[in-house]
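The letters A, B, C and D name the chains in turn, as written, and every chain counts its residues from 1.
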Amino acid sequence: MQANGTLLFPAINVNDSVTKSKFDNLYGCRHSLPDGLMRATDVMIAGKIAVVCGYGDVDKGCAGALKQAGARVIATEIDPICALQALMEGIPVLTLEDVVSEADIFVTTTGNKNLIMIHHMKQMKNNAIVCNIGHFDNEIDVHGLETYPGVKRITIKPQTDRWVFPETNNSIIVLAEGRLMNLGCATGHPSFVMSCSFTNQVIAQLELWKERGTGKYEKKVYVLPKHLDEKVAALHLGKLGAKLTKLTPAQAAYISVPVDGPYKPPQYRY
Amino acid sequence: MQANGTLLFPAINVNDSVTKSKFDNLYGCRHSLPDGLMRATDVMIAGKIAVVCGYGDVDKGCAGALKQAGARVIATEIDPICALQALMEGIPVLTLEDVVSEADIFVTTTGNKNLIMIHHMKQMKNNAIVCNIGHFDNEIDVHGLETYPGVKRITIKPQTDRWVFPETNNSIIVLAEGRLMNLGCATGHPSFVMSCSFTNQVIAQLELWKERGTGKYEKKVYVLPKHLDEKVAALHLGKLGAKLTKLTPAQAAYISVPVDGPYKPPQYRY
Amino acid sequence: MQANGTLLFPAINVNDSVTKSKFDNLYGCRHSLPDGLMRATDVMIAGKIAVVCGYGDVDKGCAGALKQAGARVIATEIDPICALQALMEGIPVLTLEDVVSEADIFVTTTGNKNLIMIHHMKQMKNNAIVCNIGHFDNEIDVHGLETYPGVKRITIKPQTDRWVFPETNNSIIVLAEGRLMNLGCATGHPSFVMSCSFTNQVIAQLELWKERGTGKYEKKVYVLPKHLDEKVAALHLGKLGAKLTKLTPAQAAYISVPVDGPYKPPQYRY
Amino acid sequence: MQANGTLLFPAINVNDSVTKSKFDNLYGCRHSLPDGLMRATDVMIAGKIAVVCGYGDVDKGCAGALKQAGARVIATEIDPICALQALMEGIPVLTLEDVVSEADIFVTTTGNKNLIMIHHMKQMKNNAIVCNIGHFDNEIDVHGLETYPGVKRITIKPQTDRWVFPETNNSIIVLAEGRLMNLGCATGHPSFVMSCSFTNQVIAQLELWKERGTGKYEKKVYVLPKHLDEKVAALHLGKLGAKLTKLTPAQAAYISVPVDGPYKPPQYRY
């Protein structure tokens, strides 16, 4: 809309705030992926082979949680940088085809479509678990599954379905019908990390309202100014008992930042 | 120089490439900090209290390495966002004053100056280890230490000095005279991660040379184009046996990226 | 009963099998403690301070799970050996009194009684979570809580109660009325690790039946013979795709064990 | 000698003390394996595939250290119980044959002989690292390597040799000539954990001397009495700032132990 000139008012894209994308996506999923798996299936994660499709922020949280619970995690990636990050954490990067018949748990996390297709599902081990914590229910080919000739759906409980393939009598367990499993099978992210996300939204609205007459924001999409992103974080430190160090004026001058921040250039990656 | 109009030729700042800042700084230090500590002091890291001054990329590597080796890690931070990241990893954020008399190992990692001053060092436990893996030898107040009345320097071996305070007869162990301890006391980062950094430099030079007559680059400082940053990573995947997934044209269109990348917008944080 | 001569038949104490005590207790709790916490409270574990009372097998699982989820874990211990183990994993060992007013989550895991008393609970932070994954509901002083003058119980949902103290209006959240929280608030350990425990029971029964007329077992309590303990493990390897190495006769002779096991002396600790 | 009746005096086997076998072997190797690898080869451990032959106490330390440094660890095992422990930590259990041509680092840790033979070494990747942290230099077939027709030894530096196979011109890097690499290439375990081991020796000698006339010990081999094993641990807690909890008499009676210990039955595994 901005590119087309059809944006009617200034907007702030809080999804790209550090205190959203690097917190909610990462630490939220690190919590709610195992939560969803446990509530839906009670499966022992330790010892299992888990495939995480993608190694972005969401995936880093998911892969970390599964690894720490004792699973052997394998990542699939299209992006060589994210792939190299996975490798540096001891996570092999392979294609879904390489591992589809060996893994016990499959998680899609990409925001893309057509990750796990019906031809993959047919090759999986009996009772392999298939779920999505990325975006929409097109990461997993649920349509292909539903329309597969002779397939039988057995609902174990709401949001947990066993699908039996007629040729092999093998099943796969699909969570939340391919929709977000942490919402479908658990209660989503915990409130502390969502508070970071929602504080972003509130602070962005306050900022837009405060500056509504000053012309600071044109009819464009902005990211939240860095000092407000830092404010979101600062508001959450007290609950966890943290104490920040204060820069001296000499130190602030030495690294060319204001004493009260913002402390990092816009492109800093955290 | 760019701001002053005195830059004589186009330049690429490879330090801010993802495959430099998120690899060399992070994974390099995760390797070479414990390496330097072990070679210099043979200290058992497990069970000790370690203070890492800062929680940027370097610090995340250092804190991670110390934690995994069994130390209790405490971070100091000025930036609330980095502080909240530390907390999410189970690392408390306190001020140096809070912990100076309890910790066994102190590491500065900030690129700033005057982190650990003589008045801190005097309060440390006997044989506390003090070292720097940030930038220059002004993170630790070496000058204050050298000129402290009555202090005695006992060189244990090259790059490992014990400094005895006259009042208490307590010592601290200072590594590499406050300079980079991984270079002074060990052999720096391992070659694999340095290869990522140096590949950045070479590819940047080739790019500038190739485009020298095209006007693509003005007399400004650029970051390495994303597709070349991805190329650096891709060149390092084979050694680790990784296999990338290829986007289908439909998938590429769905997330609006070229099939061959670059895959992420410039502000993506990895 | 064995000591008194009143044991009426031979018995095998499968609780002390390696494949029970080092699996069910450890890996089971590593799974079901966070599961219970999440289902009961949806609390973000990352960033919180968690006190685990004890550092035995159960506690090692609990402390490990909480640490990996991003909590700062503190252990209390009476046994100096277990205490030193905690320290080697970066977990400080303190008394409950030291940390009672700072921690967010309290877990008892000891099999002893009177761990967390009413005078402790009164000092806790508002909404501190108190739960037991040890043995009986006397680890936490539930009676003291119930009979505290003016205390108010608010049942958030079954097995999750908020208790409000009249003086401060502060609450604590008590799970499963002080009974085993992984059973009360979640579904207990996952089936894979319980299969190890139950296989112990079945194999012990078969062994006693097979040897019922041979006089091998007197009217005493035995531990499961080592080769059967190993059999329990061996039966669970296939599901996880493991392949054992076979000793050559020369290797077996070199370490003085039979080629087919048992491979360890009785006192081996795993 | 005890079995043959040729033991001339009472002896205490301190190697089987908890504070020796579960500390020196485990936490010592967790420290000194990466130390030896780093000093000998400067290899980046992150991203590499490491094979640990065995998953006993030493191996648990080695595998843990390598995993935490970012390697993908694979264990080989003969004992199904240890194998299942590895799996519960996310470490696959395979045979050496399965992985010999893929791995980058090989570590033997078993105390057995003939683990890595010349026919294995010939199949390894170029510049694979082969080392031993178990017992003697017969875990790796050094003799087979030295006498291999046409093999060329290039000493990179003392204790680090590159062996070139004539057929392929491929090399392997052998550390410390197959002897203990943490002693050959680094400085062994750190002093804190060795203090636990040596305190065992001293306390055992004092005990034997004190009881020399009392008949408490016959001409047999004993393990260190549990209360002295606990004493070893207790003596090391102060340095790490730990505070033990004291049992009340009622608590001690409830679990049938003395207030001052020993706290665990002999067969407890820690």
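Convention: contacts are C-beta pairs under 8 Å (C-beta built on N, C-alpha and C of every residue); 3 or more make two chains touch, one makes a residue touch a chain.
To keep track of the chains, here are their UniProt names: A, B, C, D = adenosylhomocysteinase.
Nothing here was measured: the structure is a model prediction, and the numbers come from that model.
J.: Write down the chain pair with more C-beta contact pairs when A-C is set against A-B.
T.: When the contacts at A-C and A-B are counted, A-B has more.
J.: Report the inter-centroid distance (CA atoms only) between chain A and chain B in whole Å.
T.: Centres of chain A and chain B (C-alpha means) sit 27 Å apart.
J.: For chain B and chain C, let me know how many angstrom lie between their CA-based centres, rounded off.
T.: Spacing between the chain centres: roughly 39 Å.
J.: Report the inter-centroid distance (CA atoms only) between chain A and chain C in whole Å.
T.: Centre-to-centre distance between chain A and chain C: 32 Å.
J.: What residues in chain B touch two or more of the other chains?
T.: Residues 27, 46-47, 70, 87-88, 92, 240-241 of chain B each touch two or more of the other chains.
J.: Testing understanding: with touching defined as stated, what is the shape of the graph linking the protein chains, line, ring, star, complete or other?
T.: Complete.
J.: Flag every residue of chain A that touches chain D in the complex, lowest number first.
T.: Residue list for chain A touching chain D: 46-47, 67, 70-73, 87-92.
J.: Going by the contact rule at the top, pick out the chain C residues touching chain A in the complex.
T.: It comes out as residues 27, 30-31, 34-35, 38-39, 42-49, 65, 68-70, 102, 186-187, 190-193, 239-241.
J.: Residues of chain D touching chain C in their complex?
T.: Residue list for chain D touching chain C: 16, 18-19, 21-23, 27, 57, 76-85, 87-88, 92-96, 98, 111-114, 196, 223, 229-231, 233-234, 236-237, 240-248, 250-251, 254-255, 261, 263-264, 266-267, 269-270.
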